[in-house]
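These are the structures, in structure tokens.
Two complexes, one shared chain (subunit A), two partners (subunit B, subunit C).
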Partner chain A sequence: MTFVFYLLGFVAIVSSICVVSFKNPIHSALGLVAALFSTAGIYILLNAEFIAVLEVIIYAGAIMVLFLFVLMCLNIRELKMMPQFNILRPIAIVVGAFLLVYIVIIIIQSNFGNFTGVYNEAKIIELGGNAKALGQVLYSRFLLPFEIISILLLVAMIGAITLMKEGLRGK
Partner chain B sequence: MIEKLQFGMSDFVALLPEIILCVFALLITVYDFMSKRTNKALISYMSQVAFFVTLIATFTLIGNNYTAYSGMFVIDTFAIFIKVVILLVAMISVAASHRFITDEGYESGEYYILIMFSVLGMMIMASATDLISVFVGLELMAIPCYFLTGFFKKQNRSIEGALKYFLMGAFSSAVLAYGISFVYGVTGTTNLHKIAEFFATQGVDINNPALYLVLTLFVAGFGFKIAAVPFHMWCPDVYEGAPTPITAFMSTAVKAASFAAFLRVYATALPALHINWAPTLAVLAALTMTIGNIVALTQSSFKRMLAYSSIAHAGYILIGLVALKVSDGVASVLFYLIAYAFANMGPFIIIILLRTKNSSGEMLTDLHGLGKRAPLLAGIMLIFMFSLTGLPPTGGFPGKYYLFYAAVQSNYVWLTVVACINTAISAFYYFKVGMYMYMHEPRNTEELEKPSTPVLTALYICVGMTLLIGIMPHRFFEAAKQSIMLLTS
Partner chain C sequence: MVLEYLPVLILMVFALGFAVVTIVMSDMLRPNKPEKVKSSTYECGAPLFTDARGMVSIRFFIISMLFLLFDIEAAFLYPWAINYNVLGLFGFVEIVIFIIILLVGYFYAWRKDALEWE
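Showing the complex of A and B:
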């Protein structure tokens, strides 16, 4: 189990680095698919099969297909680095490396509480599976955030349409 | 045992203002879609009605004090106070946008709808007592703002501002979410009261570095929203690129809501860690004030100068967070938020009124000789500049007084000294505006358009409130004090 976790984690990190460093956006997108799949694998290790399936269907499936469609429609071969980002690059690398070391040291030294929530394994089996348990939490304890997110998605849609449609005086 | 949906009348009542606003926003969305172009001017008035009804619903909830939705949402006087401020600011912004969008050649329907949804997110933030609801409220506030910033999609700077805001905003939200995950890892809950309970019963383990990481990530996440140095880089470009009424809206309402969430998280969940985070926030406050004010001195665009001045004001308000433990610390933040909201919206409305055929009204040179071109506007502008500097008889003076007094009480004398020096620096550029208006000859002699009634009303409300708060600050301060009684208990 531990070995599988480290393997998946390694794949996720390497493919994430690929996403940001590849010049061809299609390659980046494929790197993202690999990263999402390995994250889904980690969810399975955590006994969260339902979330793993969602991750694969929604992110690695639907959203990635959209990405690839857009990339192919625009026919972008290679992205050039913008000059204003080049100036900041050394500073960004130093700050990013510092933050990485800081966070890693802190995570290694911290002690996190060993909490078991209401939904332990026995409970989930009793309820009849992950999906049901998740649904129950979403529609009871997390009802309000759940509803707000539905409005959030609507707003994102309205906003996207606003950005795309033409103004009063046409072109 | 199955977790049951707990939804009763009290939950419904607690969320009533938000539900009303949401229903109005959805109906207006449908109306916008169905109506003809000529009828769309009505949407501005419809959104005013929506805000007004929501405001009344918010007022009727005064006196209630309970949590709803399994501890996700609270209705208390603090939330009501912030919501009233946000709704007033939204109404003023909508009034100030009258004809602004269509004059620039854009359809205005979605503009008002996005403002309404953004306000909905702010209201949820003001009431959120769980890190999850804080986070979704924050996103619902921020996402419409990204679109509104880029609303003038044929102007490069509007698009540039929107893109910067969106990228940096998404990044800062991720930082905040990462911080929330560590809070959950340490305490096993995201509910603010339960987090405080955890620290009260288990004690604060100062050897647990995860707590420092939480504080770092929270300061970065919230610091971005309130544009505190060093998380302020996006602010000038976004405020300059956005449509002017949206700049006014973002520099006041977004700040008020973000400070409300910031305050509630720190005052309710993390007071036990006050020793650890107060010095960091004090340094951040000093940096924010100083850099904001010094860079504002060098600007040639008035809109950009106001952006830096709003960064500096976020620094002043942070003093109140540092002085959280003092009895009037939080009240002074609330007081400053209202005083600042009206005084800061005013100059933006004047920028809107200064638009002519050949100039955007945004440069400092557009103010040259305003005392001769439009004596009334110049006089009003002077009042706003007095208030932003912190001079009597305007709201800025008692606002600064209460904040600085709270800092002295909590033994942050050095911070008060820095803040006083900063007030002196800020006087330079605020008075520069007065000098340009009265001691220079007009460069642009074009006749100003006759201002429309809604915009003028918005301006008069701003100036009226600025003077009213300055003349009788006690009333407002008492209201602020009463509204925080139950925040930390």
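Showing the complex of A and C:
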């Protein structure tokens, strides 16, 4: 079990490094697929099967297709180091450092993986699995955030359509 | 627990093995006489007229964007569907509101001809 975790973690890290270092954007996209699949494997090890399936269906399926269409719309052959990347670099380092600190704080707060909250492993098995437990919390306690998600999706939809209409009018 | 996923692993090994064996075996068995015309790119015998990496229409992007958004909507229906007996009418009303809000987006896309190809 631990071996499987380290194997998946290794694949995830290596393919993530591939994503940012490959010159050909299509190769980067394939690296991202590998990273997402190994992350899905880690979710399965954590008994979060529903999240693992969503990772494959939504991220590796829909979002990857979207990325590929963007690459094809832009007609990029090889990515060159653009000057604005260097301006953004200090900001990226600061944001990355903050996220790292936040992750470390979460790991320490969670008592290094030994969760003591209500929804521990025994409770989830009692409720009948990860998807069932998630549904019961999401549709009762987190009712308002759930409805706000639909508004967020609506805004994304209208934004995308408006941008496309503007782009087609310019032609 | 991980052993439950052994069939998935076996399937992946077989799928990968099939692909690798097919490529390696055909490479070993076939006669290798490369020629300029033979190794050129072709599509059903017709000569090429453009590069494969041309610009594609923005319409592909909007279709995949709409697919992504409705895919996420569908993903939220799974945890509700398996909890239907527990959540009852309350959950049903909740999910109907969720779908109606997204239906507004669907009709917006429809009225704005985002689904038309022209």
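Everything that follows uses one rule, which is that the second predicted complex is superposed on the first by the 117 of 171 C-alpha atoms of A that agree within 3 Å, B and C clash if a C-alpha of one lies under 4 Å from a C-alpha of the other, contacts with A are read in each partner's own complex, and residues count from 1 in each chain.
The criterion applied here is as follows: a residue touches a chain if its C-beta (ideal position, glycine included) is under 8 Å from a C-beta of that chain, and two chains touch if they have at least 3 such contacts.
Because the structure is a prediction, the values reported are computed rather than measured.
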Touched partner set for A:Val70, first subunit B, second subunit C, both or neither: second
Which of subunit B and subunit C A:Phe22 touches, first, second, both or neither: neither
Partner chain(s) touched by A:Ile149 [first = subunit B, second = subunit C, both, neither]: both
First (subunit B), second (subunit C), both or neither touched by A:Ile44: second
Which superposed partner A:Ser140 touches (first subunit B, second subunit C, both, neither): both
First, second, both or neither for A:Ile58, with subunit B first and subunit C second: second
Which of subunit B and subunit C A:Ile158 touches, first, second, both or neither: both
Common interface residues of subunit A - those touching subunit B in one complex and subunit C in the other: 136, 139-140, 143, 149, 151, 156, 158, 161, 165, 167-168
Of subunit A, residues touching subunit C in the complex: 1, 4, 44-45, 47, 50, 54, 57-58, 61-63, 65-66, 69-70, 72-73, 75, 77, 131-132, 134-136, 138-140, 143, 146-147, 149-151, 153-154, 156-158, 160-161, 164-165, 167-168
Residues on subunit B engaged by subunit A in the complex (per definition of touch): 2-7, 15, 22, 29, 37, 69-70, 72-73, 102, 105-107, 110-111, 113-114, 117, 120-121, 124, 130, 132-133, 135-137, 139-140, 143-144, 146-147, 150-151, 153-154, 185-188, 205, 208-210, 212-213
Residues of subunit A defined as touching subunit B within the complex: 102-103, 105-107, 109-113, 115, 117-118, 127, 136-137, 139-145, 148-149, 151-152, 155-156, 158-159, 161-163, 165, 167-169
Residues on subunit C engaged by subunit A in the complex (per definition of touch): 1-2, 5, 53-62, 64-69, 71-73, 75-76, 78-80, 82-83, 86-87, 90-91, 94-95, 97-99, 101-102, 104-105, 108-109, 112, 114
